[in-house]
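Before anything else, here is the set of structures, which you'll find just below.
What follows is a pair of complexes built around subunit A, which joins subunit B in one and subunit C in the other.
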Partner chain A sequence: MDEQVPVKKVTGWRLFLKTILARAYPRVIGQQRDTSWMLFDVLMPFGSMVAYVLVYQAIGAPQEYVGFVVMGGAMTAFWMNILWSMSSQLYWEKETGNLGLYIAAPGSMMAILLGMALGGLVATTLRALVITVAGSLMFHVQYQIASFGQLFIVFVLEMVALYGMGMMLASLFLLLGREAWHMVNLAQEPVFLASGFYFPIKSFPFWVAAAASIIPLTLGMDAMRQLVFPSGFKIGFLTVGVEIAVLLVLSVTFLVAAKVLLAHMEKLAIREGRLTESRR
Partner chain B sequence: MPPFAIETENLGRIYKIRGTKKEKAIRKELVALADVNLKIEQGELFGLLGPNGAGKTTLIKILVTLLSPTSGLARVAGIDVSTAPQLVRPRINMVSGGESSGYGLLTVRENLWMFSQFYGVPSKAAYHRIDELLKRVGIFDRRHTRSSDLSTGLRQKMNIVRGFMTDPAVLFLDEPTLGLDVGASREVRRLIREWLDEDKSRTLLLTTHYMVEADELCDRVAIINQGRVLACDSPSSLKQRLQKEAIFEIETSALNGFSATSLENFPGIHRVSCQEGDGSATLNIILKEEAALAVVINTLTAADIRIMKLSKHEPTLEDVFVNLVGRSMADVETAGENG
Partner chain C sequence: MSASSPQPLPRSLSGQTWRSFRIATWLGWQIESNWTDPLLFAIYSIVKPLAGAAILVVMYGIITRGNFTNPLFPYIYLGNAFYIYVGGVMTGVSWAVVDDREHYRTLKYMYIAPIRIPVYLLGRGVARFITASIAVLISVVAGVLFLHVPVDPALANWPLFFLTLFLGVIMLALMGLLLAGVTLLIVRHEGFVGEATAGALFIFSGAIFPLDVLPAWLRPIGFAMPTTYWLELMRRALVGSVAQAFPTLSGINNLQLLGILVVLSVVFGVAGIFVFRICDRIARERGLIDRTTNY
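Coming up: the complex of A and B.
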């Protein structure tokens, strides 16, 4: 074997950053190599979106409702990504043997989760863009953006809070086996309803809408609708300022909860021997 | 004096097995490890030899910080794996036989690069090391192949490279040649030996149930069964323990219900293990004195069992195992005695 020169490995925040980027890599590159996402993550949400648009058009709803639906259709890609590629991901990582390797490596699990989130966010944003552009062109959706700055802040906070929630759920699911799959299935459809993917959540009683706001997509979509459609503010649940403040609180809460839960669950899983042992 | 690379003191692990809903009240326990005491020096290639389910993998999982012990203490590079796992992890790496880690959509090189980043290896150095190791294991030409397109053997070679590339102080290989053909296994064994010879401070813990592998590679071997270490010494010393005894292998016709282990009741016969095949059987017999061979032959003949081949051989690690456990490793695995 050639004489190997000892390599100085990085530690601290540089290792943290390297871990994030390395774990994000398979998600970003995977999207280019496996194009089945076009069918599952674009065409299928697109189908649901078209159905809602046709219903709204049939009952003569205002044209902006079509825009609401297109936005909701695009955002489903993020929710699906959170459920299937964040929350239940550690179950799959355990089955393939990756989870043990992640934990036994010096890079932190929090960085692994952040990498999964970053990769998922980048890949899913492209999917959401495809749905938005296709839907807008097909149904002639008109946008009138009230504030680019606020729109940017809302989107960023919405994504931070949403992926923070995904990381928190992933930590909780660390102890689960195959039942994680069923729980994810269970969470999928109710959130489409509760978060108002295809209609304004103002249609709900206040407390129902408030409870649904625990899902960051609820207030995120509501705020974005207010900011990009001329009459959006009329059907807004809360003012954009309040929604930004709540999203900020959710972002911090979910990220902190993810860190605390991850540390706790990792300890518990190591104690109970459930990081690699699916048979016991 | 440098600390032991690996040290365990009365290490134990008990699994609580969850039963079905009806059995919920009954919490079964499985002792996977009991009172394991090992001291492995820096630079050693140490083997854990035992049948499937003997506790080898459990021990490795504890040492690589994936499982906490229920009793005792384990240290790697002088650091307690239970109280300071974050200090142990930069110093170690592990590879398991038959693992399917990584992502199928990534190429061999990309997968390896990804794992190197989790250890903080700068990308340029990582690629250099990956390419060099891929050449060593003979899959450099497959570096741009997606790992999902690799055969089991090639995938295992990729995993082996993943273990070596971060240059750990202590490397854990759990059944590293599982699923590899003879040639590939030989290459892996050569790589292991070279890696250790290159830097005397490196330590390697290998688990295997291949006797030849343990015999050929390891400086010392611990024989483990039902979670307990039964013997620990160099392969030659372990075999020397049987030098005074005569070991015979007898191939016979079908035993037709005859219990081979009943031969142990005769004086001068120490251990008998038997592997029955289709219409034939192979008896491995350890005799305290060679004269007892006549008793064996007479007894078999009287039981209408035909002797087809009889040979005397030098003790092997398999014989050592039989001597310690009373049965061959294959028999233990078949009987499922190890949980």
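Coming up: the complex of A and C.
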């Protein structure tokens, strides 16, 4: 008979960290084991990007606009990841019966959400990188980086705010039934429009652009365009410094809101007995 | 005996076909629309395509500084508007396989029911055709009212428009059937087959830019697609000479375009039916009809 190996139990912050890693693990490793994602997760955003680049070429746009589209195409991968693999993830987990197991496990739900975010971020960064490199080579996009430091800060804050938003939405989506799929579906083109995925957000009236800035990608992309394209500063909505400050505020706000909402929704779902409910 | 005794099943092939189509259409409409109240559903149905059109309008407006009178604008705008049908009808038919097998897990019951499966799947696409029609109508009307898209109802060639629309919808539905067959055999990502195909056709059909913009070695793909000629005819039916100004298909008159569209539609339609039959047989042999992956 096999001897049972005692499991070393962890608690506190060690459990929190292990939960994050455990939830991130399948997202990162799964990507290496099943490479079919290359076909759909890269080619589909890439296809949209190519179509918009060709529109700009048809109407004789300056070459920099092609660069804007390539960047927008790469950032599409992050938004799709937020919608399909963060916001609606707990809803899918409920549908497939995993959510009850998450709740019953000793790990914190916040750590599970952070793990989802970390794993999704790593995997999606790789996809976005592939799209950027392929798009830049195909359409001869020229970059001229004004400040590596600021670019790094903008990207990190943009991702923290974006995935914080995804964590917050994940809690809200727990309350949805069949509407979840439709809501996620609806949040694609309107957000591509409002956040200026394929054109500078400065083209909108100030208050429209300001309202769209609630989505971290809006200011994140605007700042990155200012930092990586030679005349990017001409099309900036706000200065890079202000955009960094707003992204910082959004990061903190979304993370705190995610924690508060998660606790609230968990209580609500337990009280109403809807944690394991599946409404097909 | 109950008050509502069951109706006898139709014995003739045409009776079965019509019954399958009618019930599938009703079911498709219920699935598409009854998840929310009618107002929200209406908003949902038109916001997405209008936002897609608005992206192009803003891009065009920035570069041309609002010169919406250039013939290129109606070319882009109308091509994008009618392309809503491609995503709606073609993807609608193939999506029914994903919906029934993976989500509702009822595909196996459909297979043992006295219905004709290809007709059932085509019927499921009708709901998307209806919502797509509303979105197209609103897009075109908004373009005419606010963006100077030169559609004059008195000058439009309505017989050509409705004939082309009819042919196109049949063609797209049968292409959807082809994708539905492929979807039956795919383990993962089956939900993306329709979207990926619609995305590829978006580039190769000259929907939002003339095919001349594509590299020369890619253009033959566009010329082999029925959607290229369908979109061109839809534009010509509504804005006539404006659409004919572009060099890509300017040497071909409407009748010739219609002939090419009919021939290519028949080719793709026959291929759709043939591929579906093969895939359907393989799926039955391999036991894929009731497979779920949770992927």
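Assorted remarks:
Heads up, the rule we're going with is that the second predicted complex is superposed on the first by the 270 of 280 C-alpha atoms of A that agree within 3 Å, B and C clash if a C-alpha of one lies under 4 Å from a C-alpha of the other, contacts with A are read in each partner's own complex, and residues count from 1 in each chain.
In the analysis below, a contact is a pair of C-beta atoms (placed from the backbone, for glycine too) under 8 Å apart; a residue touches a chain by one contact, two chains touch by 3 or more.
Everything quoted here is computed from the prediction, not taken from an experiment.
Legend: residue contacts after superposition of the two complexes on their common chain; A:T96 is shown touching both subunit B and subunit C.
By the touch criterion defined above, A:L186 lies against subunit C but remains apart from subunit B after alignment on the C-alpha atoms of chain A.
In the superposition on chain A, contact of A:F199 is made with subunit C only, not with subunit B. By the document's definition of touching, both partners, subunit B and subunit C, reach A:D34. Contacts of A:V10 after superposition: subunit B is touched, whereas subunit C is not reached.
Looking at the shared chain after the overlay, A:L54 reaches subunit C, while subunit B stays out of its contact range.
When the two complexes are overlaid on their common chain A, residue A:H140 makes contact with neither subunit B nor subunit C.
In the superposition on the C-alpha atoms of chain A, the part of subunit A touched by subunit B in one complex and by subunit C in the other spans residues 34, 96, 280.
The part of subunit C that touches subunit A in the complex is made up of residues 35-36, 44, 47-49, 51-52, 54-56, 58-64, 72, 76, 103-105, 188-189, 192, 195-196, 199-200, 202-203, 208-210, 213-214, 294. Of all residues in subunit B, those touching subunit A in their complex are 13, 15-18, 30, 61, 64-68, 86, 89-90, 92-94, 96, 99-103, 105-106, 110, 113-115, 117-122, 125-126, 129, 132, 136, 146, 166-167, 191, 194-195, 198.
The touching residues of subunit A, counted against subunit C in their complex, run 34, 36, 39-40, 43-44, 47-48, 50-52, 54-61, 65, 96, 177-179, 182, 185-186, 188-190, 192-193, 197-200, 203, 280. Chain contact summary for the complex, subunit A toward subunit B: residues 1-4, 6-11, 14-15, 18-19, 21-23, 25-26, 29-30, 33-34, 96-98, 100-107, 112, 270-273, 275-277, 280.
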